[in-house]
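Down below is the structure, laid out as structure tokens.
Note that the chains take the letters A, B, C and D in the order they are written out, and that residue 1 is the start of every chain.
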């Protein structure tokens, strides 16, 4: 099965899950004053129905680095667009968010190193004695036609072009139990997963914890290494097109993802092996409940064929994605599709 | 650059590093009684010169599972072939082992779950109350012509073919400081890294800790998931063809690898984030010393383009591989090539 | 210096820090409907001035276990009393809460094991395959006169008396950055630290993140092992008497504590070594800024004389307390006292 | 029960376990050339019988720091005295080593910070970018009469006396499976546990892995903080008097200890929570098998009364000790005593 056929098949499958009475395409462009800095229960900026398509934008948070006169406050991390209230979504359901399109809108991306951030320097939650790394920024001119961003070394004259591979660093909902969590943190609610698979063609499943789910998105990444080790991707503004659905009665403990090629379960915690344990126990539960494999058969099969993505090791929780290529799956026996 | 051209280029490069006066191809087939169960200083089974090619075998350790009458003792893990004494290798040098060919020799591979092993059950070093998983084996019939091994579920009638992707689970040398380490453990000496890149076309660099380096290899894996989460790959016997070289004066703290596409640094420790920290500080040091990038430029660039492999999370130390695609490298400024 | 003299000295010191114009003793008994389940910015139940004494109660959360007809919902963890608004407390100040008295009010304490909780069984953030521990409760009859609670084995006829050593499992304020956190979680805001030193005679310093600080308390523990390994202490209701002060301009990153004998710095995170790193870098900063030791001298001295308390290893963050006996301190050079 | 009575009782108990036919007191003073730097199978320096008392010495490894002309090579860590071959000890038995006396023999102790060592600086197994701490030493003059060592700050004129509390940083046997491990590392074989309870009055139980057990000891510590956070205690030479016994058929997975007041189980691994899990599962197994508590009753009881010692967080494995005060124990039902 080629990718394009598989993607078509996925779209066809998606079409079956929700009785789309009169899906609409809605547009919402956030004003600076409407941006959010916590995943929480808050007044929605837009109400959508299952099946609706939303065209919106992820803000470019580093405008102040590129232009100190831009009026942006420096370094308030990961402003979010939203929340979007999804009609009919109730606690115990799952939200299915399909990324239909992402387009880098900035001309220059920003990367950098910050005090207290990064896996290889003294950080807030792994503090060491001695001076932490100083703040330092790299600008990445973007060539939209060629689809590249340019890395320019600061201490030598080396430059290299990096292919654009845009995804959303943040996609999340209001957390459970009345919690509000910063937009730096990933967790059961999704959030700042910094996960490259949150790209065009992927459907992200999130637990619904409050009525309306309250969906947020932001933190456009033009490209990122696995682990995002120094603390940033190539950070950009982005045009975003998503389709939102609700899977009634599909209770999720953690986010899941699916594209043409993979089932993916996400774990976000520390230490890194616990993020991995969460991701794999979730993937095994998925294979057990919806594909009819016993837990031990699934455990054994994954030990032979799974893919493990280290999404990031720099946020307050680390994020690991456990993946199984769909070509190794049994026929689906149960579940929403 | 296509892979085949790149591989040719790599071979050409390799040809430059060692003045091969009269490289030979040596053959060594271990008797059962010669197999080793620790990486240690021991009498060599063969002496090789830099540039020599060795044709040998990695034992099939699970013969007793397939045939209890085979005479193998059950479950003594990871028997090693070797050690090979490499002429001219001295502490402070690096050993360069290029995998020229690997061929699965077993007709049936074995996978399994063992008490005390595996990231998702009570294990020796992450013990939990309650019964651990019982020992359970899966047999994987191998079709050498089609290049597949077949997974057969034990609790349902599902089967699926897995493409062969052979590599050596173990490749290591005598450890430093007079240590001897079991063949279950990876570390500074290489050892049981369970790293899929230890495949045909890859050169593995290992620190030389004792005169002659004392190279061991074993633990043939026909295919393995990233993380080897349940504790085994598809375990098989293997025919092995390697070329051994010495890089004088190249002091290494940890193993490194290189193939046509990647520079790779290996870290093996617990917790998983420390294995990752080791791998990335090593990769940054490599980029700094041999490719002229400042440490912070390297850190920033890797945050945008690196690949992180979780090789295994089941051995006494966990193994992570930090990789940079060669297409993002500056020209080499220093070092053996 | 005996304890009683030291305690008197501490009280004398406390008297110096706040100009107590007209300190009062205030009483507040929460109704069930007023109990809180998140540390968050919420409407205060009481306003207090620096120097005021508050007499209040920590609810007995396990009444439903002892009497299913009690009307309590089962297992909603750690109900909090508060928040108390402290006049004059502003972000960047520290709150000083001195525990003047704690009195166990329950006749029977409760301990237990819950699915998803405990360091030695499959838990929410360290999940393992296979059945988690089932819910199981132990009742501890309390003899207030003798000051003991009785452990009664369930699977044999062994009983043993445990001396009461009451403390508050939870003491915290509204978190920073607009976050709201469950009463299961400890962190920069204090919260569910499950730290035995939060007992009579101790002053707890907490960062002020919002105007009025918004102080919460709850989770009475009649006695607890170090680590609280199975997930509970001897859980009881408690009468509580505290004195509240504000230290203007004393910016804290993490909670601190002080009693007659020790300076104590608290770190709450995962993995456990990061909680420990937080606690010790905070303690070193304290010794450096207020006692005139260089960072390296403080590091060296603590390596010789410090005490390390593992408060708990079962909550969403683990809690470690780094302590230095006051007898090893230099004279104070700076700071609130 | 007072300590002195309890200690007498312990000695009485000890007298019962081994049929001491003709116990002797043996003396052995190691020459510098006889000191060992790995725990391994090696030729014994002395043969002892169960019940024998050994008077020996732990070398002062930092003589070169105090006197560069001392002829000691700098910084070869933790030289060991031994191994002692114990007659009758065979794999599957336990060795019981009772510390009868420890006497600090150095006039000056040494503490220090080393590159690559310490929990709060870049270290070998938790590497960070940027310069590691430089080597720095503190000398501690020892007053044997008053029983103190003096800390002298290097960056201010503060001094303070620290009470001597001598123990052995290293006590171990030849490891299992043919391994040899450096004297920096603690593990199943004991080794560099840096555990303050290895003091006068304590009996340490170690697994016997090879015929004769092969006991090593060294690394005298005049005093140490819990965690030994910067990497050293007050390091001294020591006169050592121990009694050695064998408990036939007592198979141990990890070291255990016992004194007048506590049963103690030791876990040495990373991350710190896994060291703690090892220690507590071992302690629960001990309570279950020899004191008749069910595993869940033991788990619950320890959650209420256990003591958790963080022995060290600086060696290649971290060491945690799980303790139960003997006053909370049921009567012994089984086992060697």
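Going forward, a residue touches a chain if its C-beta (ideal position, glycine included) is under 8 Å from a C-beta of that chain, and two chains touch if they have at least 3 such contacts.
Please read these numbers as outputs of a predicted model, since none were measured by experiment.
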**Message:** Using the touch definition from the top, what's the fewest steps needed to get from chain A to chain C?
**Reply:** 1
**Complete:** Taking each chain's centre as the mean of its CA atoms, the one lying farthest from the centre of chain B is chain C
**Prompt:** In angstrom, rounded to a whole number, how far apart do the mean CA points of chain A and chain D lie?
**Reply:** 48
**Intercentroid distance (Cα basis), chain B paired with chain A, Å** = 33
**Asked** So which stretches of chain D touch two or more other chains?
**Response** 120, 127-129, 133, 270-271, 277, 281, 284, 296, 299
**Prompt:** What residues of chain A sit close enough to touch chain D in their complex?
**Reply:** 120-122, 127-131, 133, 271
**Interfacial residue positions of chain D with respect to chain C in the complex** = 111-113, 118-120, 133, 136, 138, 140, 151, 153-156, 158, 160, 162, 223-234, 270-273, 276-277, 280-281, 284, 292-294, 296-297, 299-310, 313, 318, 320, 327-328, 330
**Asked** So in the complex, which bits of chain C are touching chain A?
**Response** 37-38, 40, 125-129, 177-182, 269-271, 274, 277-278, 281, 284, 295-296, 299
